[in-house]
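Report on the structure given below.
Here the chain labels run A, B, C, D, E, F, G and H in written order, and each chain numbers its own residues starting at 1.
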Amino acid sequence: MTVWLPVLLPALTGVVTFALGDRRGTARAAVNLVGAIVSSVVVVSLVIKSYAGEVLSHAVPTLPGLDFGVHADLLGLLFSAVATVLWGVTLVYAIGYMDHARDRARFFGFFAWCIAAANGVALAADPITLFIFYEILSLTTYPLVVHSGSSEAIAAGRKYLFYALGGGAALLVGVTWLTVLAGPVPFTPGGALASVSGHTTELRIIFGLLAAGFGVKAALVPLHGWLPGAMVAPAPVSSLLHAVAVVKAGVFGMIRLVNELYGPELSSALGVAQALAVLAAFGIIFGSVVALRQEDLKRRLAYSTVAQLSYITLGTALCSPLAAAGALAHLAHHAVMKITMFFTAGSLAETLHVKKVSALPGVARRMPVTMTSFAVAAFALAGIPPLAGFASKWLLGVGAAEGGAPWALLVYVASGALAIGYMVPILIASLRPGDHPEAAGTESDPRMLWPIVTVAALSIIFGLTAGLPGSPAHWALTAIAPSFGGLMP
Amino acid sequence: MNVVHHLPALLVITPLVGACVAFVAGRRVAPHVALATATADVVLAVLFAARVLAEGPFRYRIGGWGAPMGIDLVADGMAALFIVLTSIVGLVVTVYASGYFRSTDPTAYGHGLFWTLWLFMWTSLNGLFLTGDVFNVYVCIELVGISAVALVTISGGPDALRAGMRYLFASMLGAMTYLLGVALLYASAGAVDMATLSERLVPDTTAATGLALMVAALVLKTALVPAHFWLPTAHASAPTPVSAALSALVVKGSYFVVLRLMLDVMPDGYLPGAATLLGVLGAAAIVWGSVQALVQTRIKLLVAYSTVAQIGYLFLVFPLARNGRDVLALALTGALVHATAHGLAKGGLFLAAGGLITRFGHDRLAEMRGAARAVPVLTFAVALSGVTMMGLPPSGGFAAKWLLISAALTSGEWWWAVVLVVGGLLAAAYMFRLVAILIADAPAETAPAPKPVRTEWLPLALTAAAVLLLFAVPLISDLAAASTTLQSAGVTP
Amino acid sequence: MTTYDVYVAGGAVLFALGTYGLLERSHLVHKVIAANFMGSGIFLVLIGLANRTPTPEPDPVPQAMVLTGIVVTVAMTALGLAIVKRYFSETGRTTLDADEKPGERR
Amino acid sequence: MSQQTATTISRRERIRLFVLRTLALGAIWVLITEADPGSLAVGVPLAMIGAALSVALQPRSLSAVHLPGAVRFAGFFLVQSFLGGLDVARRALSPAMPLDPACVRYPLRLAGDGPRVVLANTISLLPGTLSARFLGGDTLEVHVLDNHESVLADLAQVEERVAGLFGANLPPLQMGGDS
Amino acid sequence: MTLALEVLAVVIMATVSLGIYRIERGPTGTDRMLSAMLFGTSGVALTLVLAEITGIGALRDMALVFALLGALTSVSFVKRAWGAEDR
Amino acid sequence: MTWETIAGWGSTALFAVGAFFFFAGSVGLVRFPDVYTRLHALTKADNLGLGFVVTGLALRAESWIVVLKLYLIWLIVIVTGATACYLVANAARGSGLEPWTRERR
Amino acid sequence: MMIVFDILLVATIIWIAVGSLSQRQMFKSVVMFVIFGLFMAIAWIRLSSPDVAMAEAAIGAGVTGALMLDAIGHLRRSETPYASAAEPEGGEPDA
Amino acid sequence: MPERPRIRLVPLAASLAVFALVLRAVHALPDTATGLSAEMTAGAKASGIKNVVTAVLLDFRGYDTLLEIAVLMLATIAVLSLRTDPDALSRRISGVAGPVLGALTRAYVPIMIVVAGHLVWIGSSGPGGAFQGGAVLGAAGILLALSGFARPRWSSGAPMRWVLAVGLLTFIAVALLPLALGGTLLQYPDESRKSLVLLVEILLTLSIGASLTSLFLASASDTSEGERR
């Protein structure tokens, strides 16, 4: 049962939050923080067990012949840990950010439920369970996207749902079809479809359906349309959507799909991995180029996300062990980098009402710590050593070269250059003198500032410790190894 | 006497006695009588389901004659499932109604009779679910029809009366057509007992015509497109507890008989086109009902059209059921899960809609903005019911859709899966339109102040039950396996 | 042509006529009457067919069904007429508006 | 004229009425059961219930029927009603359809509800006449098919027969009732 | 001898059908009611004749019911529907 | 000539007369000019027709009690008919329906 | 001979039904409907179902007719005072 | 309302289709068929109820009849729920009858009661039974009401509700009685079968009569309502 706790604890936190109602802010904050901390502790303990080789699992019978089950393998725990730990950080930020907002009970309740769903996606032991949590994630995010209730938010929410449910439908059909074809298929490193022979066309279609389903949340071009619009959500939500839970659920689904459902071999043999790789490569370039032209800060970050998520997809689709590990590592690394940026964007918007790149001048002088953190994240994203981004990109690049796809390497390099192209102007603009009346060095609310510093620090730490056990990069290598026969160079 | 041996009979007699007592006792005492009856019925229903699960299907011979001379009640898993569903939704509706009818116009004389009419409806539904006799079905559907019409018209406004009339005429048409079918069937096979019929039926014109007429009539009573014309106004004009009961339970009554006729009574290969036709109509219902729901401007009509759409799913079981016993088991279980999930969710949704109408004093959707802040629990109930309607996990609706899609893909008739997926997306479209309105920010002057509606937890309880139904699916699956249909098909649990 | 043929055929005609009336006639009392005709048509078919027994007495089961059916039909008729009357009292109309779209008026 | 005067009846009278009417209804029972002896167990209580209801509805004695008058009345009635039928058939079937209808007012001499009702009903069955309504002031309006001179006289004759049935005597007829 | 009864039944049936003409023609509701009254009497006659033909004595009870209840239609008409013929 | 034969022919004759009156009543109903005159036709002819039919049947009846019962039925029909006739005429007069006369046609 | 009767009866029944449904004046329809019940009762006799015949006679001749006539009276459109016409006997001085 | 002929084709087509279907179906039947009459007749003979139809109604298929009485009572309650006047059942719907109608009613109502009783009594051996008797009783009630006889005040209150329900309640009680004796619902003990059936018939007759009368009265009161408009 312990293995359910990463799902149940946030869910319970959400229920308590709803029950507390809008008035009791302190109690709500306490409950949420305690929930986050306890969940983190649980996840960490699971990680320790998992490193020791003990994979916990549990299943509840639901449908005939199908169980609703979770298992705590390293791969899933990586995503789970990212989500849970960053939940705690985001909570602190959100408590500051939402200080005067309305409907906070609803906000924090659904927030907690999102994390529960993300943890469910992470730990799901089979595609059906994964699908179930995937859809719950869509549903619980919707109220967060439309939180403000403005017509713009409602429109964005409608678009988000349209994409999410469309993807969910594809996923549903794919998963059902697969189950009809192959019976219950629990995730197995290296692939679970060994029993299926023939049915090549069906398997290709199913792969397409599943990839499309995950691709929606993974903002795989051309399924990315919802992401920029969803920016209307409050900053903590944007962070959660774009950095942690939602989009990562998509790419995590891709990782499970390629590595543990079809398996790298079958994926390559069917040719579907290659197709996915081409699509992802296109997404990287497309996202980066479009990001260059975005005036709105959050939109620029969003397109950056589109590009970065495609990194992960591309890495997965290359079917080479190192690239796969790099992709998994980038899942964690990108989370901390991008969350830093969204926190910053949120702080700027909330404290200074700055939303456009053109409004940035003077900001660096006004909020030096915040902007420094942003800079760290930006450089990390561009792959400057020794920051976190570099570590994952290195793995990806090596994997690409090794896996016989040198063109992918080119894509990575080009995109790194483009990242510099869309990040550096932000920094330069913020350093220009500008007209922000308050005294220099006045940062935002400390409850918003410290989380930014923390996550920025994490991008440095992850980069520096990339070779050490327990760091995301090492973890990713360990977790991905079984899918490639356990061998890791 | 041992109560356990007579559960089928008692399930019909208890609400009937309750109805009589509530009538005799007068309007003050009637709510208490109804509540007591409802509670007793829940207990009986659960005992009944437990017995069916433990011992498998059995027949209860009324009068000791046994079919074909007498009337047999068929106690199987399918019946037990619907009876339990009825009892749960019924109990909630009863509790809700005790608040609802207290708060509305005391000069409406009919309101004092609500309890009696409602218990009569309960009797007739239980009777319908239990009976194994096609003529007895006729009497039961007349009981259902009359009580439903009376409940629709109970508050007596022009709209309700008009809707009630339309409902009554649809009921009459349906009941008469059904009876004609029974007449032909009896003329051909010389029996009205379902089990006897299924043994004796030979593929002759008369029996085929009879069965076709009966199914057509029941389809009309179930409001499958294109015979749905009476449903939206009737369900939307009725008092809220009645709407809930109608949408959640009453349409299931006639559907249940269609299940029995098509799957139990009809021999294999009989009326080959009928199953396909029902499936096609079901698909049409899904699309048409959803599209209509999408353009409604009044909340109850939206919900009622959603019922039209959701009914469509139930009929997809028939084309699928012809593809061997494994697919039959999948499809039937799927249909049963869907009926249960929809019953719970739609009951809750109507109660929630009623709460919103009470809260806002009107039913115009466009003016319900800001409800999420004023009545968060009701909004949440609406959203949860939406989860089931869309068939999203972890709801019972999802389980149903999963099973039906599995059945479709297993049988190779993948186009039904397409229908199911499209239906889910359409449901999402209209449900999120509703949710978006409720959740939208209201201008300060029109936004209602937060004020709890007394019974708002009831709809939430029902819709939450619909969502958590996923975890009861093994139970439903067992009940389906204990149905005469699957038992005779040789499916083992 | 035997006696029962005549009545069965007549019953079928009546049923069809009732169906037509119920669907086509707009006056509500017409509809109630038409439903009664449908009922009588079925009863004729039922009892007509019950007369195919070799004995002079027809099959008693359809007779019992028809008795039940008659009482049920009376109940339906009474309810229908009561609603028609109340509807007339409230609206002054004797037809359902054919062109009225549900939900358009309140 | 109807049940307002009901209160003034003695208990004894009630019992007498009850017994009489029980007997009458019992006789009807015997007739309709075609004298099935076993049925009396049901018939007697039923007749008593019917009689009790009857007494409750009409707690007054009808004027006692006078037997010789009744026999004479029956004969008269049968003959006249045959003639009445014949008369109407003749008029209906004759191509010329000889009709000269009118409403005449007939001043009543009979007193009491029972006799008047019998009179009205009898008139309707007799040739060419049809009682239409009671008017105020003891007048009966009669519709006649053929408005000939002797209509009122014929009616007076009927009234006497009815009076005979009840053993009553009528004051002499005062002609001059208009039409 | 049954033939006489059968012919009688047919004749009564035919004459009764004549009355439907009066319903069609009216002109007042009262005229139409008259046909209904005609059928009351003829119905009793028909029932009695058929009772004799079929030999089911119990049908005389039915004739009795017809006779007793025949007035009810007229009374309802006079008391409840008078003046409704304009519809 | 047995009683059966006599009764048979007698009843047949009575039936013929009864049928004649029924026919006449219906013709009257169709031909007569107004409500009141039609009422005449109805009340008198049909009741008389029934009387003949009943008498004819009585000739064939198996027992006296049946004869009495038949006449009871006839009596009831007569009373019903006369009452109904009165009620209709009464209502017609009460509502001001003027009788048809030779002068005003 | 009886086949003639049967055909005549059934034809009349159908004629009445058609007549009842094809009328514009509801009163005609209702009267036709009342008569319809009587003919049905005769039909039941011909089908040797005296039980049904008797029920039809009692219900068709009594209750249904009263209900229908009451309804049609209720639906009358004219505003003429109902009471005076409806209670013709009540107009008597001594009633 | 403008007539739209295109729409009218649908009912026509529907009814013609039904007609054709039924004729075809009936035509396909064999010329003789016994249905269940042999079993039923034998069963009725054994049970001592000579009229097979009554035996079917109250014994073999008594459950149908139970529910059918429920239909009638339900319809009555439904009509009651539509009334706008709570005292509909005790209100006069007509003025006091004049002498002729009064005489008829006073004479006929007791006779109708006797006839109704006869029909019930004869029901076990010949044509007749609770429905027929109940209908005659109902007609008597309607005749009384139409003649303007005053009804007691209680006829709108609890006692009247008892009268309406007593038939069904007794039927249920009789139906449940065998449960105590080890039988199933409506499984009359053989020795008391005939008397129980008769008891049920009598009470049903009352109930049907009361229901039919109430059906008329409850809705008829609306007429006077309409008059005031």
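The criterion applied here is as follows: a residue touches a chain if its C-beta (ideal position, glycine included) is under 8 Å from a C-beta of that chain, and two chains touch if they have at least 3 such contacts.
This one's a predicted model, so the numbers in the text were calculated from it and none came from an experiment.
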Mutual neighbours - chains that touch chain B and chain E alike: H
Most remote chain, CA-based centroid, reference being chain B: D
Of all other chains, the one whose Cα centre sits farthest from chain F: A
Chain pair with more C-beta contacts, C-H versus E-H: C-H
Geometric centre distance via CA averages, chain E-chain D, whole Å: 23
Distance from chain G to chain C - Cα centre to Cα centre, in angstrom: 15
Chain centre separation in whole Å, for chain C relative to chain A (CA means): 66
Distance between chain centroids, defined by C-alpha means - chain A, chain F (Å): 98
In chain B, residues with contacts to at least two other chains: 135, 139, 142, 146, 149-150, 153, 156, 177, 180, 184, 186-187
Sites on chain A at which at least two other chains make contact: none
Sequence positions of chain E contacting 2 or more other chains: 7, 16, 33, 35, 40, 56-59, 61-62, 64-65, 68-72, 75-80, 82-83
Residue ranges of chain D in contact with chain E within the complex: 32, 34
Residue numbers on chain H that touch chain C, as the complex places them: 1, 7-8, 10-12, 14-16, 18-19, 22-23, 26, 29-37, 40-41, 44, 52-53, 55-57, 61, 64-65, 68, 71-72, 74-76, 78-79, 82, 84, 129, 131, 208, 212, 215-216, 218-219, 222-223, 225-226, 229
Parts of chain B lying in touch with chain C, wherever the complex brings them together: 135, 138-139, 142, 145-146, 149-150, 153, 156-159, 161-162, 164-166, 168-169, 171-173, 175-177, 179-180, 182-184, 186-187, 192, 232-233, 236, 296-298, 301
Chain E residues within the chain D interface of the complex: 57, 61, 64
Touch list for chain D against partner chain H, complex: 1-3, 21, 25, 28-29, 32-33, 39, 42-43, 46-47, 49-51, 53-54, 57-58, 113-114, 116-117, 120-121, 134
